C-alpha cells in the first residue's frame, strides 16, 4: 500500500474466543498498516462490548448489530470512519453483511467460503461490481510465499504442460463427535446445514484445496466425480470427501478432504506434475517447495532466498530459515487487500500485475466446487460437469 | 524352513541384464538356504547359456526352453533335481510356464501380476489346487517388516474400525516416451498389450498398491470407479490411473498409480485411518511406521526394536537403524515360500499362523483389480462392482 | 498483561532496511497490546525522520538522538510518554542507550548480546537493579512454544538426570567475504571488533545456542574448551567456533556455532540426553519436539495440542498444524516483557511462576560465554573455568 | 571379480546368535560369488559344530580351533581349500587369527577395529606386506553408494577447499547397564578392557565415524582434543566421547560418539563444508546425499540414478527408490575384497582405480585414533598430536 496513514478496519464477528477472528486481527496488524477501530464482534451485544474492551476500542464504535455499525460508520467524518470491514461470521451471514457494507460504501475482506449458496454468491458478485469496492476473500493458504513460488514455476513453464494434480487435505479433529451435545444439538456450526450450507468438509476445507489448485496451476475444473461420506453417525453433513477431477486442457486429478483422518492435523498438500517437472508443497512445512524431474535430483527451494521469484520474495518478512507460518501467510492476503484499498482511496490504478488476493470470482469458483461435489455425490458419485455460468 | 540341506532353485527368465531376475536371485540367496542350480534364463538359448555361466551353473542344467527344463529336471534323481522354479518372465507367459512346472511336480514362485488375464488365473488356480504344490507370488512390498507391523496393528484393533484408506503409487520414469523406438516399435514390453495384458500402469504397480491395502487392512474392494489415462501419446496402454474405492464393510478409499508423475521414483505410500487411530507407511523410508491419533502425539515405530510385534521381528535381519531395504523385503517372500516348500518336502504341516507369502488367491484378486479398473475406465469412469466369483 | 490501554513503545535503532528492527516491530505489534509511538531510528537524523514516516509516527516524536528522545519523552505527560524503549542498535551502544533510558525512568527491551563487554554488563546490572525497571533481552529462540515444552520436560524429570547436551548453530551466509568492501573496509559490523566486541560468531549466534541450553536444561557451564577460527581471510574476528563443555553437575556437551557452514541457513538445533530419555528440537522445524528413549518408539509432540504443558499452550496463537514461526516466538518475548511492564505500571506483583523472558542475568551469562570462549581459544583451545563472579 | 568359479570362504567366529557373523555371511552371499565352505565358529567346539550344521557345511570342515582350521585347510587340494578367511572374533584375537591365516597363505577379511593395540597393528601390517595377501577391514559404512558419491564430490572439487567437518555417531543402547550381571561380571565384552582394548565407545563406533571422515574427505587428523566419559557407573571403559579435531591442511572439526545418547539408535551422520559447498549424509537414511551452498537451493541426490558418479552406480544393486540398506553396503566391502582376491588368484593386476575396500593402513589409522583419544582424555582433554609414524 501507501497512504500517509494507516487504514482503519472494522470487524463483524470474531469476538472473544473465536479462533478465526483472532487470526484475522493478527494478520491485519502484522505490518503496522491497519488499525482495528470499530466492530460488531458478536450477535450478543454484551459479548461484542466486552470484545471491544479486549481490543482497546472506543466503546462508541463497538456496535450491537452490523446494520447499526454500517450506518453509523458511514455517518462518521471521512477521516474517522472505517475504510473497510472484515467479515468473520458464519457462512450463512456472509452475504447479508457483505451486501450491507458494500452498499454503505465500504471495502470488504471476507472469510471463506464466499457464502451460503452459489446463487447468493452470484448476487453478491453483482453487488461488488456495482459498488466498485474492493472485495477480498481470505483463502489464506495461497498467501504462503512458497505457494506463490509454485505459481511462478507453473506460469514460467518450468513444469511444462500440467498432466496431473493431487491435492489432499486430511484433518482428524472430527473423528470424535465433539459437536453432539447431550441434548442432541449440534454445537459445531460447521456441521449444521442451516448455518454451514450444503457441505461441512468440502465447504470448510475442500474449498481451500480447490483454491490452492487453481491458484498454482491456473487450471479450472471441467468435471468431477465426488463421493462425500458421513462416517460419524448423527451428522447431517459430510465429514469426508474424495473427488476424481478432469481439468480443462486435459490434466487429471485427485482432490480430497477429510476431517476424520485420525491423527492428521492440518495436512494440506499439493503435488503438480507436468511434462518437464513436478512440484510438491506441504502446508505443515510451508517454507519449502520441492522441484523434481526424471533424471535429475530433487531441488528444495526454501523461503527467503535470493534465488526465488519476486512474487515469493515480496511475500516474505524474515530471512531464510527464520520460519514464517500461518499468520504471515494470512497477513499477505490482508496486505494485498490493503494495497488495493489504499489505491482505491488514493485514486491510483493497480499495477499491471494486479493484486494478489482471492476475489469474488475465486469465491464463486469455490461455491461451484462445493455444490458440484454435493450434486455428484448425491447422484451416487457420478461425473458432473462444472458450472460454466 | 528347516531341512538338513539347502533348497534347489531353478529359474525361468531373468538372464543377463534383467533387473527383476537379479533381484529374485539376491532375495533367494540372502539367507543361505536356497541354491540356484538350473535355469532357462532367456528365450534366446545363447543368452541363456551365457547367463548360466554368470551364475556358475553346471552347463548341463542351463536349458534352451522351459519345457525342456521341466522335463529334464523332473527326470533327475530326487536328490539333484530342483525343488522349485522361480518364474520371472513377462506376464503373457506366466501361465504356461507355471502350468508346465506345477504339472511336472515342482513348487513355484512367480513374479506378479499373476498372469495375462483373470480367466487364465482362474485356470491356474485349479492347476495349483490339483497339484498340491506351493505357489507363491512375489508381491514383495508386503515383505517389509513395518508393513507386517501395520497389519498387526489393524488385526489387534489398534486402529479401531477402518474408515478410510489412501494408497498411492506415483512413479515418473515413463514421463519420456523411452519405449518408442525410431521405427515405432515398443521396446518397453509393459506398454505392449500383447505382452503385458489389458493394463500397463495398473497391472505393473497399481496391483502392488492394491495388494498392500488388502495385506494391511484385510479389506476387500466392493466396487470402484477408475479413470485410466494415457498421457504420453502413442502408448497403447495406460500410464496413469486414479480410483475411488468402496470397501466391504463401509470403508472408503483412494487408490492411484502413475508412471508419469514427473520426478517421483518409487513412491508407494499408504495411510489407513480408523476410529481409534491412523497409520502411515512410505516405501521409500520403509523402516518407519507412524501411528497417530487425535489428542496424542504421533509415535514413530522403527524396525528392529523390541517393542514390535513378533511378525515384524521375525521379518528382520539387522538391529535397529541398520537399515533394511528392498532386497531384504523381497527375501522375506522367498523365506516364507521356502519354509512352505521345505515343510511340503518334509511332510510337515504348516504352523497355525500359516505362511506369510502372497498366494494364488492374492494373485487372482490382483487380476480382478486390473480388469475391473479397465472396465470402469472404459465405461467412462463409472462405478463397477468387484467380481465376486 | 492487562492494563486498560495499550503499552506505548519507543525504539532506538531499527530504521529503514534494518532486518532486526522490523522483526522487533512485528513482534511488538502482533498481539495488539503495544503501539510504537516514538523513536530514534538511526544515528542519521534524516534516515530516522523518514523511518518515522514509514511507521506513521508523529514527527514530533521522531528524534535525532537517543539522548534527546529519553529527555523529551520523560518530559511528556504520563499518559502520553512511552512506557518502554526497545533497543535494536549495534552491540557497542547497548550499554549507553540502556543506561540512559533506565535512568530516565523507562523500562527496556534490548537486543542481544547484552553489550560490548562483560564488564559493561556488570555495570548495567547494577543500573537495572537500582532502577527497579523491567529489562528484557531478546534471546528470541527461547520464545518458541516447543522450546518451552522442552524445558517443562526437563523440569518435570521426564528425561531423568541430564548426561549430555549437543547444541549446534551452523549458518553459511558468511562463506563469501561479503563484508569486505573494495577499499578493505568492513561493511558487516558484526565482523568489526570495535562494534561487535571480542567475537563475531560466538557473540552473534553462539550466545543463542548457549542461552537455549541454559533455558531448556537449567544447567550452567563449569568450564569449556573452545577453538574459534577465522576461515575467510581478512576478517578480524571469528567466523566459526567449536566448544567442548562441562556442566555443573556432571553433564558433558558440545556447543558449536558457525557462519561458514556452506549451505546451512539458520540451523540451530539442540539434543539433550538424560538417564530416562532424550529430546531433540530443530529451529528450522520449530513446531515439533521429539522425545526418544531406548526400547520405546520416538514420540513427536506438536505445537498447539491439548496434550502439551501449560507453558507451551500459553505461548501459542494458532491451532495445531497452523504453523507458527520466528515472529511468533519473538512476540512471546515481547508479550512476557509487556506483562511485566504492565504489572509494574499497575503496581501488581508477578505471579509465582514469574515472567518468561530473558533477563539481565541471562545477558550476563551470555557475555561470560563469549569472553570465556575467546579466552580459551586464544590460549590454544585449553580448558577455562567459567566465571563464577 | 571374475574367476570361472565362486570364491571359497572360511569363517572364524560368528557362530549361532552372533549378530555380526550373520551380517558377514549375508554380505558375502549376496552377489552369488562367494560360498562359505569351512569355519571355526566358536571357541566352544560344540557350538562351532552346531553352527556348521546351521550353515549346511561339511562337518569335516567345521573345526574346533582356528589353528587347526588354518593347518587343515592349507593341506587340502588347491581346488577345495578356502580362498580366504573372514575373521569376526573379538578385538583381542584379531591379530593372532589374522597372522595365522596370512602365514598359512590365505587372504583375510577382518572385522574392525583392526586389533587390540596399535602396536599389534603395526606388526600385523608387516605380516600383511610380507604375505602379499589381500587384507580387507570391514568398515562397512563406507560401502554405501551415497558415501562413495560424497567422496567423488570432494575429489572432483565440488565442495572446494574443505573447511569444516562434523561427524557424529550417537547411539543410546548402553544407557542401561545391561552388561552388568548380578555377580558383577561384564557380559558385554565391548566394555571389558581385556577383550575390547583401551576404549569401548571410541573403539567400537568412534572409529567408524573417523573412517567415514577419512574416506569422504581424504583428510588426516593432525591433532585432537578428546574427552571420554563413563556415564554409567561400574563400567571400566568409556561409553561416550567428544573430540575437537584439527586436520592437516587447516580444516577443523568435531567428532563424537556416544552409546548413552538415550533414544538414538545408530545415528551416524556426517556434514562436510567447503568453500564451494557443503554435503550432508545420514546413515539412517542412507539413500540420500544432500548438496547445499549459499545462494542456491539444496539438491538431494538419490541412490540409483543416472546422474550419479560411476563409483556410486557400481556400488548399487537396485533401481532408484528401491531402498538399499546396511547389508548391501556391507556386501560392497566383500565384493571389492573378492575382486582383489580373484585378481590375486588369477595373477591379474588391479585396475588403475585400485580396490575400494578399507585396508590394513586404514585399520592402523583407526588404532591411532583410538589410542590418541584415550591419551588426550587421560591428560585432561588436552590437545595431542596424531601419530605420524
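In order of appearance the chains are A, B, C and D, and numbering begins at 1 in each one.
Assume a contact is a pair of C-beta atoms (placed from the backbone, for glycine too) under 8 Å apart; a residue touches a chain by one contact, two chains touch by 3 or more.
Keep in mind the model is a prediction, meaning the values are calculated, not measured.
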| item | value |
| --- | --- |
| Most distant chain from chain C by Cα centroid | B |
| Pair exhibiting more inter-chain C-beta contacts, B-D or A-D | B-D |
| Distance from the mean Cα position of chain D to that of chain C, given in whole angstrom | 44 |
| Separation of mean Cα positions, chain D and chain A [Å, integer] | 56 |
| Distance from the mean Cα position of chain D to that of chain B, given in whole angstrom | 35 |
| For chain D, residues that touch 2 or more chains besides their own | 296, 298, 302 |
| Parts of chain B lying in touch with chain C, wherever the complex brings them together | 295-302, 305-307 |
| Complex contacts: residues of chain B adjacent to chain A | 159, 163-164, 166, 168, 170, 172-173, 175-176, 225, 227, 229, 231, 240, 242, 244, 246, 252-254, 256, 258, 260-264, 271, 273-278, 291-294, 296, 298, 380-383 |
| Residue ranges of chain A in contact with chain C within the complex | 4-6, 19, 22-23, 25-26, 29-32, 36, 53, 55-56, 265-267, 283-287, 302, 304, 317-328 |
